Every structure is written in C-alpha cells, then in structure tokens.
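Okay, so chain A shows up in both of these, paired with chain B first and chain C after.
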Partner chain A sequence: MANQFKARQQHYRRWQQKPIEAAFSVLILSLILWAVWSTGSWLIAGADWRVVTHNLPLYAFGSYPADQRWRPLVWMAALLLLTITTLSGDHLPQPLKRLQPFLPWAWILMVPAGVVLLAGSANLQAVPSRAWGGLTLTLLLTTASGFLALPMGIGLAIGRTSNLGLVAMLCRIYIDLMRAVPLIAVLFFGQLLLPLFLPVEIEINRVLRAVMAFALFAAAYVAEDVRGGLQSIPRTQAEAAAALGLNASLTMRLVILPQAMRIAVPALTNQAIGLLQNTSLMAILGLIELLGISRSLLANPEYIGRHLEVYVWLAGVYWLLCSGMALLAKRIERQGRLSTSS
Partner chain B sequence: MKVRLLALPLVSFLFILNGCATLGEGGASRLDLIKRRTELRCGVSGKIPGFSFLQRDGSFAGLDVDICRAFAAAFTGSPDQVQYRSLTAPERFTALRTGEIDLLSRNTTFNLSRDAAGGNGVSFAPVVFHDGQGLLVKRSSGISNLNNLKGKTICVGSGTTTEQNLNDAFQAKGIDYKPIKYQDLNQVIAGYLQGRCSAMTSDRSQLAAARSGFNNPDQHVILPEVLSKEPLAPLAAGGDQRLADAMRWVIYALIAAEELGITQENIGNKLAEAQSRPQLTQLRRFLGVEADLGQKLGLNNDFIVKVIQAVGNYGEIYDRHLGPKSAVPIPRGLNNLYSNGGILTSPPFQ
Partner chain C sequence: MNRSKRWWWQVIIVIGLLTVMGILINNLAVNLIRTGLGLSFDWLWRPAGFALSEHPLPYQSSDSTAWALLMGWLNSLRVIFAGIVLATLLGVSTGAARRSLNPLLRQIAALYVGFIRQIPLLLQLLFWYFVAFLGLPSEPFAPLGAVIHLSNQGISLLGVTLSVEFAAVLLGLSVFTGASIAEVVRGGLDSVPRGQWEAFRSLGMTEGLGLRRIVLPQALPAILPALSSQYLNLAKNSTLAIAVGYADLYAVSDTTITQTGRAIEGFLLLLLSFLLLNLLINGGMQLLNRAVLRSQHHH
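Take a look at the complex of A and B:
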C-alpha cells in the first residue's frame, strides 16, 4: 500500500518536473483520439459504401462473363486455401500434414492452373483476356510475373558471379540496365511501343506483355537480392563441397544456393510486395486491374464523387494482400531456419 | 568492339524505320486487319460520366462507347466485338501511332495541329459532340466572371487542350492565375471539391456531368464565358484513307438515320419497306438494298442496317447517355440536327 502511494507520488512529481513533456503527451493523445473519432464516424456514418457493396463482383472478377465467374473464384479460393494451409504449418491435423512436402509444387502449379482456368481450354469456354480484370488480374499479374522473375533472377545472379567473363558481363549489363530504367517506362514500352517493332500481323496478348515486362524488370532486382545471398556464403563452403567430390553444378544446387536463398528471403519478400503494388501501374496503361476498375467505376454517374470510399476500400484490400504475403514469407523464413538447425 | 557497339543501335533504328514503313506502304489498311481479327480495338477514356464509364455489370457504356460499338457493327458485323482500352490523355496518341489501338473514341478535340501531318498527323472522323470549355466555381465564392479569378488557383487536367486554352484565355486578358495540374478529370474534380482551387476548368459537358454527381449541385455554377470551341471527334492514325473513310461514313450514317427518321426500333420495318418498294431509291441506297455504297468503303452493303440495329441513330445515342432523362443531362444545343437549330448534318449517301 505504501509502495503504491510512493509510486504515485513519484509519478506526479515527474509530471511537475517536466511540464512540457506532459503537455506534449496530452496533446498527442488528444490528437490520436480526435483522428480515431473522426475517421471512425466517417467510416460508419459519413461514407456511402454502395459504390463498394454494389460492385463487389466487379472488383473481384472485372468484366469476366457472369456465368463463368466460378472459374476465377475457384482459382482465388485455391490460392487462399493454399495460403492458409501453408501458414498453419505445424498446426495442421495429422492426415493433412503428410501433404506438406507437396506444398511448393502446389504453389508452382497455381500459375499455369490460373491461366488455363481463366483463358479456358478443351472443356472450358474460352474467355478472351480483355475480359479479365479486378482482383483476379492483379493476383494473376503478381503471381505469374513473380514466378517467372524468380528463376530468371537466380539465373542472372549465378551468371553474374560466374567465372565466364562474357556471361558475367552480359548479366551485369542486363541488371544495370533494368535497374536504371523506371518500371513505368518498361511497362509503357511493353504496352504501347512494342507493337511498333512487330509486324502488323503479329499481336501479343496484352496480359502476357504486362507479365513479361514485370518479370523482366523484377528479375534484375531479384538477381541482386540473390547475389547478396550468394556473396554472404563463405568460400569455405564451396571448398568443403569440392573436397567431398561435388562438381560445380552440384555444389551450387546442393550447398550454395539453398543457403543463399534462405538469406535472400527477407529481401525477396520486399520484391514480391513491391511487385503486387506495382501492378496498379497498369491502370494508367489501360489494363482494368483492381485500381483500373475503381477508376472506371468512379465515372459511373451513380457513384460520382465517391473517391474517398473507393480508395479507402482499395487500401484495405491491398493491405490484406500484402499482409498475407508478408506472413507467408515469415513462414518460409522460419521453415528455412528450422531446416538449417536440424 | 567499338564498331559492334555502334552497330546495335543502328540496326535497331533501321528496324524501327522498317516497322514504320510496313504500316504506310502497299495500301494495306487497318480496316482489313480489324475485319480479319473480327475485333475492334477502341481507345476510350473509361473515366468520363456520360461518355465512357463502367457499368455495374462490368460492361462499358456512354456516348464514346456507343460510337465504338457503331464502328464495330459496321466493320465486323457485331457491336460486341470491341476491345476497350482505357487511356489517359497524354498517352492516347502514342497508343494510336504504334498501332496498339485501331482508333480513338475518347473526347478528343479536333484541331489543326492534331490533324496536320506536321502535328500529330491523325485523321479525324466527323464531330460527334460539340463542346466548349468552361469554368466551374462555388456559388458562395461570389466569382461571376473571369476577372474575379485574378490570382486565384484553378484546377486543370494536364496534357490536354484544356490546359492550353486556359492559358490562352487568361493571357489574352492579362489575368494572372495559378494552375494546379492533375492527370485526369476525376482528380481535377476531387481537387476542386477538397478546396484546393477556387475554380476548375474542363469542357462544359464534363463540368455538367461532374456537377450532377456533387452532393449539392446547385451550390456550384458554370461561368457564362466559353473559353474555346471543343469539337470532339473519333480519330484514327493518319495515312490510312480506307479506315478514315469508313469511319467518316459510319458517323454520317448515324446522323443521316436521324434525319430520315430511322430508329433502332423501326429499322426492320424500314428495311422491309425499302426491299418491297423499288421507287424508294434514296432509302434503298442508304440501307444497302441497291447500289454498292458499302462495298466502295470496303464494308458490307448492309453496314448501316447493322449500325442502326446495334446503337440506333445519333439522336437515340445522345438521348440514352446525355438526354434529359439520363443521369448526365446536357442540353443538345449545337448537337441537334441543323433542321432543329443545331449544326449537325450529313452529306448525301450517293
């Protein structure tokens, strides 16, 4: 009791001794309260959320034909399921645990599966890529270009550190060139200027062009992240591998690369999240992905002036997606650490 | 080594030249390409109420969009064979020039420097909407003419004729002002509503459209001064006469159909009437029952029937998106037929 009293007294004394700090604390607290209050009251009472609630299918699928919307839905549900399965990891029930080794393969399969599901194949009605849009397109652009960029980046990194002078030089030139050009310029080239270089008859799918532009760009950054990992592996590792009789390619595959990748994971996560956010640049170049669809909806006479609602909603969606990716990356990092220590 | 380094850009430059040449030479028209792929690539804004915007079912709608649909109906037979490309103002001409899109139907002002070979070098179809630039201010601001805007800030879209007209008008009167530039109209509107500027400027149709979406439209007034003529027209890349001709006569067909009283509803009856009565030569020519007007353009002879079935005549298109019952009502004014006090008219289909 006495102790408590003493503590409180000290507390008061501190307030008296530092009146400026006290005033600042009160000011900051009231500012935070005011911000929370005004934001909250706008979210609940001020905002008109019909622009979002009316158009949820549009945000999700774009102008994908209504009777075929189950296809992007299945793909996104599979992505979500895979994310949850990967995240829950050790907490999975026993029978599902046996599937865990197949998870990486499932992830790799998601991209071709998505393309086939969206574009249509033998039994599925063909849907032209102009009808793809919304969240589906954002996710497809991100995953497809990510999965292309990763092997390309690893190849470039290995090439750049290789002993073959010409290969190393070409890789270095490519990486430096791509890093010196802004992404929007690469996308602009791919979307608007590429047709100038091709004969009139040849037309490459726009989504493919966007994916390639993103992948070519991201590969340069991935390469540098992986190279950072490669350089942090002590030379003794390679020497030890050589002593065991492994040749150069086996040394790279079994000894150097796995360790380097583990080190590069946090940086690669950054790239992946950046890639997701950069897909919104396509809105300027006329692909109707998440941001593009929002901008077009805002011109609908029914929803004029609802900018704040739409952008707050978009921020929420992007936040969810990026948080999901960050969690996934954390999980991969942890798994990497576990397998190192075992 | 140095020679080789030089050779690379040289070769790629030749490649570019070669690419340009293939478009111009040999009389090949983009019209053939459109018919071959049975799909029209139409550049639109995608962000202008009444002209092009996304509907709740995910399809585009608006006056500009209906013009695209009319072209698609004429060129491919189906108004739905269109791939829309939402383009911002600064990049629309690049997309057109490189062949990424076939044509533009995107609130583009028809003027000399865009039309001329020494400028953008595009070919314009007839005007589909006569507009003029205006200024929108808040009623409470007390601003009633240009002179009141001295030293004030004005929100404007960049890379447009709007920006240039604003500058010209204010410079001519010797009035200082501070422009705040945005990428597209919706950002201009947002900037204005957030109070970043005392006035916003754009074409009067767009101001009216924007105002109809405000919370309290009557608190905003469009100033009486009209800063410019803004005839908005669809356009294609220059040097392609066949495509330009086809586009021109599709637009004229929309206007002529209104003159002749042919509508989406009665086109079937009119066609039957034309087929059964040989003395109606004018109607028979127009609907492709006799003569080969369509073929001369490189289209099917019944292209006008297809167009009217798809979108109706010009008046119907206008009423659908900008008429008094639409969400963005704009008085027809100059855009009426010349017989009704406007300036629209079509040369004869002969």
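Take a look at the complex of A and C:
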C-alpha cells in the first residue's frame, strides 16, 4: 500500500517535471476521446447500415443459387466447428477428446469436401464456379491455396538446401523470381496467360486458376520460412540420426523437418494471414469474393456513396478472420511445444 | 548419397524439367498460331491510343506505347520513393513510440500496428481513395494556413500539386508499410542490450537524444536487412494502385495488354521491369548497409 502510494507520488512528480509531455498527453487523450465519440455517434446514428443488413446473403455466398445456399453454409459451419474444436483443445469433453488425433486429417479433408459441396456431385445439383462468391469464396481460396502451398514450399525449401547443386540452384531461381514479382502480376498470369500454356482442349475454371496462382506464389514465401527453420537445426541432429543408421530421407522426415516446422510456425502464420488478406486482390481480376461482391454492391445506384459503411463492415470481417487465424496458430504453436517436452 | 548417384538424379531432374517446359512452350506456340498472334514487339512503337491521367513528362495518346509504359514506370517510381520515405518516418517513430516511457504513446502505437496489419491493403487503399480523399469538399480548404490545400480535385502541399489518386496510394502504402516497419524497428531496438538504455538514462540524456545517438545506431545492423525487404514489399504492393485508377506501371501495362492483345509480350516487359526495380532497391540498400557498417567500424 505504502509502495503504491510512493509510486503514484513519483508519477505525479514526473509529470510536474515534464509539463510539455503532460500537456502533449492531455492533447492526445482529448483527440482520442473526440475520435472515439465521433466514430461512436457515426456508427449508431450517422451510418446507414442497410447496404450491409439487406445484403448479408450476398456477402456470405455471392450469387450462389438461393435454394442451394445451405451447401456453402454447411461447409462454413464445418469450418467454424473445426476451428472451435481445435481452439478448445484440452477443454473438450471426454468423448470428443478421443477424436483429437484426427483433427489434422479433418483439416486436410476440408478443402476437397468444400469443392465437392460447392460444385455439386452425383446427388447435388451442379453449380458453376462463377456463381461462387462472398465469404465462401474468400475462405475457399485461402484454405485451398494454403494447403497446396505448404507441401510445395516444404519441397522447395528442402530442394534449396539439398546438396544436389543443380536442384538447389533451380529451387533458388524459382523462389527468388517469385519473390521479386508482385502478386497481382502472378494472379494476372493465372487468369489470362495460363490458358495459353495449356492444350486447347483443357479448360480450367477461374477459381482453380486463381488457387493455382496463389499457391505458386505463396509456396516461394513458405519455402523461405521453412528454410529458416531448417537452417536453425544444428548439424549434430543430422549426425546423430546418421549414427543411429537412418538414411537421408528418413533423417529429414523424422528428425529435421518436424523440428524445423515447429520453428517456422510463427512465420507461416503470418503467411497464412497474408494469404487471406491477399485473396481480396481477386476483386481486381473479376472474382466476386468478399471485396469483389462489395464493389459490385457499391456500383448499385441504390447504395451510392455508402463506401464507408461497406469498408468498415469489411474491415471488421477481415479483422475477425485474421484474429481467428492468429489464435489458431498460437494453439498449434503451444501443441508443438507440448509434444516436444513430453 | 554417393557421387554417381547424385549425378544421375540431377540428369533425371533436368530431363524432366526440360520435357515439361518443352510441352508448355509447344502449347503456347500452338495457341499463338491458332489465334494468329505470333510473338512480336512492333506494337511498342505504334501510337498508344489511350490517355493517361497523370504523366511526369509530356504525353499524349498519339505518342508511342513504349513512351506510355515509361510514364507508368516514372509514376511507379514516384509513388514508391515517396512511400519509402513516408513509411520509414512513420515506422521508425511508431517503433520508437512502442518502447517509449509514455504509456499513452505506447498504447496508441500498439493499437495502430495491431489494427492496420489485420486489414487487407487493398481495402485500405479503397478507403483512402473513396472515403478520405473523394469525400473531401470540391472547394479547396486550408486547415493549416498556406501549408496545405485540400479538395477532392487534388492536394496542394507547399505549392506542389498532387492528384487525389497519387495521394491515396501514397498514404495507403505508407500507413500499411509503416506498421510493418514499426515491428522491424521494435525488434531492432529490443536487440540492443537493456544496459545501453539504462546507461544513457542514468547519464541524464533525454529519451529522444539517447534513442538517436545511443540505441538506434546499435540497432541499425539488425534493422536494415528486414527494412529492405519491407521496401521491396512496398514496391510490389504499389501495383494495387490500379484499383484507384493511378496510372502506375502495372495499370499502364494492363491497359496496353487490353488494347493490343499482346499479353505474353506485355507480361514479359512487366516482369523485367520488376526485376530491375528489385535490383535497384536491393542495390541501394546494400550501399546503405555497407556505409552503416563502415561508419560503425570507425567508431
């Protein structure tokens, strides 16, 4: 108690000694209060939220046929459920806990399941990919290209650090080239030029082309993060594995890579969050994902000049998604640490 | 792996890669012949046929396409270098603010960094353009006397007139990259031993002076490599300018490709331009790095 009082006294003395700093702080504080007040009153009274509230299905599903919307809804609900299950970890009720080892498989299966659900199959009416949109498409682009980029990036990283000189050089050229060009150029390549490199009879839809471009681009960045992990594993690990009689590929798979990946997780999280944010670039190239659908809504004369409402709403959605991903990554990181210590 | 086995592996990989590339290029050739396009760069010297909203040198639509692309180049360089300066100022002061003694300043800096990094850059650019700048009144007004005149037709700063598009791209890129640079600077400051901070404080140096003369110089070797990759990111991200209609390199290339149908050639030129830009920034940063290291050896 006495200590606290003393500290406060010192605090006041510090302010008295620095009148300019104190005045500056008061000024900033009043500016913040003013900003909070005006933002708050705009959010409640000034804004016209109809552009958001009347179009929620569009933001969620794009122009997916209304009677089939349960399909993207089921997929997104499964994604949310899987996220929550992964996040709750040890707090799961006992019967569910036994399913935990299957979580990684469930995550890997999410992408093909999503594609089948959205595109349709034997019993489901076929829906062309140009009708996919909104949050569904944003999430599909992110998960599909993320799950493709991860193995590609790991392969590139191993190739770049391998002792096959030629392979290392080729991987290096690919990684450096990809990291030198802007993403939008790669996406442009995927949308307009990729078909030129394929035989006439093969036609891939625009969503798949976008996923391929994102994956090719992200793989180069994943590779550099994984390489960072690989290089931080001391040589003695490989030597110990060799002494135990493991061959090169087993050493990589069982000893080096698991440790390297654990180190790379924080960097890879940032890549994943970046990937989610970057899917918005497809709005420039004509896909109606979350940002694309908003741009077409703003072009509607009914919602003219409602930019701020839409952008604030989108910022909130992206912020929530990115924070969710950051939480997931923290969870994975902790699990990694636990499994090392046990 | 023994040497001959390694050699064989490499031969197999080269043959496989050459085969794949051969198939792709063959497909391309077939497709180009089918569409009657072929491969040529003659179009570069024909009149561009489109207007540019902004051009640092005289330009009209009857000028050659190559000249139009050069204008795009210059517009890109303009916004990239202005952005690098502004983002560095913002990032360094924010990074330093996160380690300041003033708790209010620390909180604001953390809030700025945390918020900006969770929102897509493209969304931020659209916000700056459509809300912040196009939302200005059409009649110029001067909030700071003669220093700056603002209107939705353009910004006039100390007599220099900037277009709304340029200002939106510049501010969007700087605010976004500034947040990342702040993290780099904070990491660099943290790499300096705490004793250094305590030492200058106990000598009675002010925070600003101590930061400038004692801590930052020691943090610089840790900051510079990460800083140059942020600059490269800024340069690459400047291509999003197309979303607000700023005539940068990518936007002009895009228009050229739509006008001439020369997608492959236009794309190749775009790639070459970016490789050149990368070399430019990397080279500049390496010079800076070397200068910093040299000046530190002298001390």
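The rule is simple: the second predicted complex is superposed on the first by the 318 of 342 C-alpha atoms of A that agree within 3 Å, B and C clash if a C-alpha of one lies under 4 Å from a C-alpha of the other, contacts with A are read in each partner's own complex, and residues count from 1 in each chain.
Basically, contacts are C-beta pairs under 8 Å (C-beta built on N, C-alpha and C of every residue); 3 or more make two chains touch, one makes a residue touch a chain.
In this text the structure is predicted, and so the values were computed from the model without any measurement.
K.L.:
Based on the superposition on chain A, does the combination of chain B and chain C result in a clash or a fit?
P.N.:
Result for chain B and chain C: clash.
K.L.:
Contact-wise, after the overlay, does A:Ala315 reach chain B, chain C, both or neither (first, second, both, neither)?
P.N.:
After superposing on A, A:Ala315 lies in contact with chain C but is clear of chain B.
K.L.:
For A:Pro199, is the partner it touches chain B (first), chain C (second), both, or none of the two (neither)?
P.N.:
both
K.L.:
Which partner does A:Ile28 contact after superposing on A: first (chain B), second (chain C), both, neither?
P.N.:
The second partner, chain C, only.
K.L.:
Which partner does A:Ala180 contact after superposing on A: first (chain B), second (chain C), both, neither?
P.N.:
A:Ala180: touches chain C, not chain B.
K.L.:
Touch test for A:Ile284: chain B only (first), chain C only (second), both, or neither?
P.N.:
After superposition on chain A, A:Ile284 lies in contact with both partners, chain B and chain C.
K.L.:
So, A:Glu239: does it touch chain B (first), chain C (second), both, or neither?
P.N.:
neither
K.L.:
Starting from the residues of chain A touching chain B, keep only those that also touch chain C in the other complex, and list them.
P.N.:
Touching chain B and chain C on chain A: residues 188, 192-193, 195-200, 283-284, 307.
K.L.:
Touching residues of chain A toward chain C in the complex: what are they?
P.N.:
21, 25, 28-29, 32, 163-167, 170, 177, 180-185, 188-189, 192-193, 195-200, 248, 273, 277-278, 280-281, 283-284, 291, 307-308, 311, 314-315, 318-319, 322-323
K.L.:
Would you tell me which residues of chain A are touching chain B in their complex?
P.N.:
54-55, 57-58, 61-64, 66, 128, 130, 133, 188, 191-201, 203, 283-286, 288, 292-293, 295-305, 307
K.L.:
In the complex, go through chain C and note every residue touching chain A.
P.N.:
Within the complex, chain C contacts chain A at residues 1, 6, 9-10, 13-14, 17, 24, 27-28, 30-32, 34, 102, 104-105, 108, 115, 118-123, 126-127, 130-131, 135, 232, 236-240, 242-243, 250, 254, 257, 263-264, 267, 270-271, 274-275, 278.
K.L.:
Would you mind writing out the residues of chain B in touch with chain A in their complex?
P.N.:
15-16, 19-20, 22-23, 28, 30, 33, 37, 43, 45-50, 52-60, 83-88, 91, 94-95, 97-100, 183-184, 186, 189-190, 193, 209-210, 212-215, 326-328
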